[in-house]
Amino acid sequence: MFRVTVRDHIMIAHSFQGEVFGPAQRLHGATYVVDATFAGEELDGDGIVVDIGRATEELHAVLADLNYRNLDDEPELAGRNTSTEVLARLVADRLAERARAGRLGPGGTRLHGIEVTLRESHVAWASYERRL
Amino acid sequence: MFRVTVRDHIMIAHSFQGEVFGPAQRLHGATYVVDATFAGEELDGDGIVVDIGRATEELHAVLADLNYRNLDDEPELAGRNTSTEVLARLVADRLAERARAGRLGPGGTRLHGIEVTLRESHVAWASYERRL
Amino acid sequence: MFRVTVRDHIMIAHSFQGEVFGPAQRLHGATYVVDATFAGEELDGDGIVVDIGRATEELHAVLADLNYRNLDDEPELAGRNTSTEVLARLVADRLAERARAGRLGPGGTRLHGIEVTLRESHVAWASYERRL
Amino acid sequence: MFRVTVRDHIMIAHSFQGEVFGPAQRLHGATYVVDATFAGEELDGDGIVVDIGRATEELHAVLADLNYRNLDDEPELAGRNTSTEVLARLVADRLAERARAGRLGPGGTRLHGIEVTLRESHVAWASYERRL
Amino acid sequence: MFRVTVRDHIMIAHSFQGEVFGPAQRLHGATYVVDATFAGEELDGDGIVVDIGRATEELHAVLADLNYRNLDDEPELAGRNTSTEVLARLVADRLAERARAGRLGPGGTRLHGIEVTLRESHVAWASYERRL
Amino acid sequence: MFRVTVRDHIMIAHSFQGEVFGPAQRLHGATYVVDATFAGEELDGDGIVVDIGRATEELHAVLADLNYRNLDDEPELAGRNTSTEVLARLVADRLAERARAGRLGPGGTRLHGIEVTLRESHVAWASYERRL
């Protein structure tokens, strides 16, 4: 299996509902350093799984919809806990849509899976891995 | 699959038995930067796999029993090579016990697996992955 | 010159005023990975510049007043841009007060300077260095 | 499953053929920080999957054949795109040959798999994972 | 003193002349992860030393003239050893010109100094620090 | 000012004397990731401050005398607290001797200073900077 990963980041505000979150129930924020991994069994004629340039652009486009925002105010996310896990799945699902739509190039439609990792600090991160 | 990882570290002394270890047969030591990864298929009602705060506390508790010690003198470990692999399994197994005992919260009992990675330097690390 | 550094982090929300900030004028947030460096010319009788354990505790205490907060709502900070530079100075000044008050131990009063670095992402950070 | 990883690096020149590569069609270069991961189900009598010292030596030997070279001029690689994915597979395959030949010690023949990751920058990397 | 740092990277080919360079006399290449640090004594009215967005753009512009190139073929660099030190100075000097020309905004003309660090691998880097 | 840094590591055991060290009074150990920085005002005829290859060899030689040892048993260090600061100074002083003895090449004798940083974990490190 081949895997290609590109990295970008977002800076957002949000709050959590639920006693388990303790002080994170208050409005606070995070920088998420986001790694998107694209997995495929075969290389294409150019010798790649997916073009790193395109992968970088698509990840950046997906993150642009979240960046520099208070997620509590985003209609799509309002009322949900935007935990690191939830955001990892959201980014992975949106990248999957773009891959299927051909935005990652023809190789993108042959990908087997996507994994997205959000690093919220130097001591904690979460990821979501899905098939394509 | 969702995965959540938290990081901590220990500083221990030990020695190895066996020619393969060369100079590491002498009493020496290591800082192990320890990453514990908890994997689950589902998010709970709060939108998380496992509470990062609790995961951090439980990892810290497991490591406290090893930290600032000469592992050669620990009755439980005496006579065994406490290689990076062996210690990774030890930490993973102890975290698994705590997960099953509910110490990671109710979500902890629904976890599918645990992986523990010990980084012994900037150029070498080892991990152990197991089911729950 | 000796220097000792300890690392911790905070997760905060804030917004900026001023066109230069572009989309960061919106309410957003950041994880700041914070490095506090203590510099001194001499080692004490124990062979250290400052106790790493105490330095870690004092940095954590200073950061606790900022952590998991919307800085726009903090009376002390309201109306100011809490840029990475401003926050680096704030943390450095508060650590300096604690050093002078003896909270870092007797060695703390012999320190020559403090530098605080806030890493806001994998591609941007800022620091403030001051004398003691 | 146990996994042991060692890290080394190479510094090479190359160029790519294909419009998808844009400016990387020009002769340029890369530092690849290379992580080689060896996976096995069982520990040997010494308590290890593979000797980290030997793994480091074998990775270094495999990389020495590529290091400080223009890959476009290497007979074995001429006419192929030496993408990060292609090089990851090349290194993994050569390590697999060495493992089967006993160069990693007796434990090397019991390995289940090898994964090689090449980090081409702080924001992009690729890997190849194979069975043994 | 305040310092703001932004990070980018380039991927280049080159060769060195001089026996001291050993195998690096051959045509090879490097990824340089480039950190540009801007130092100033005062914050401006917005509370910053230099706008991180502009600093990122100017660093990117300076690096674009070097990126994806064989430096041996660049007229400006031909016949010189483009060592890590030489490239660090080149990038610092070009950033200094841009700062003086107001490309970093009005705050850029009040900067005291610039330091540029090029990381050529996980185990070696070089920097050049200059006044403005 | 130019600066060149190379990285290596050691794995040692030791214990500390003094209540300030708490549990670190017990025999324990550390991996120190060691960065040695060589500073000079001028580049030599080859365009470098110091040969990275030689710097790497000399750092490795200095560390070899400490590596895989219990520092409490080293005659030279017995009875002293081998704190991170003390070890940073020890390594810097030994590198300075080698630089003056010409072991870093002719450029080594023109160096202005040396700084050595020992990283004992992902959250703590110490350094010693001296003139040459």
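Chains: A, B, C, D, E and F, in written order; residue numbering restarts at 1 for each.
The rule is simple: contacts are C-beta pairs under 8 Å (C-beta built on N, C-alpha and C of every residue); 3 or more make two chains touch, one makes a residue touch a chain.
Every value quoted in this text rests on a predicted model; they were computed, and no experiment measured them.
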Handout entry: Steps in the shortest chain-to-chain touch route ending at chain E and beginning at chain A
Key = 2
Problem - E-F or A-C - the one linked by more C-beta pairs in contact - result: A-C
Handout entry: Numbering shared by both copies at the chain F-chain C contact, with half separating same from different
Key = different
Completion exercise
Taking each chain's centre as the mean of its CA atoms, chain B sits from chain F at a distance in Å of 30
Handout entry: Distance from the mean Cα position of chain D to that of chain C, given in whole angstrom
Key = 40
Fill in the blank from the handout: Flagged in chain A as touching 2+ other chains are 7, 122-123
Handout entry: Residue ranges of chain B in contact with chain F within the complex
Key = 7, 9, 11-14, 23-24, 26-33, 67-70, 73, 120-123
Handout entry: Interfacial residue positions of chain E with respect to chain F in the complex
Key = 16-18, 20-22, 80-86, 88-89, 122-130
Fill in the blank from the handout: In the complex, the residues of chain D that touch chain B are 1-8, 43, 45-49, 51-54, 56, 105
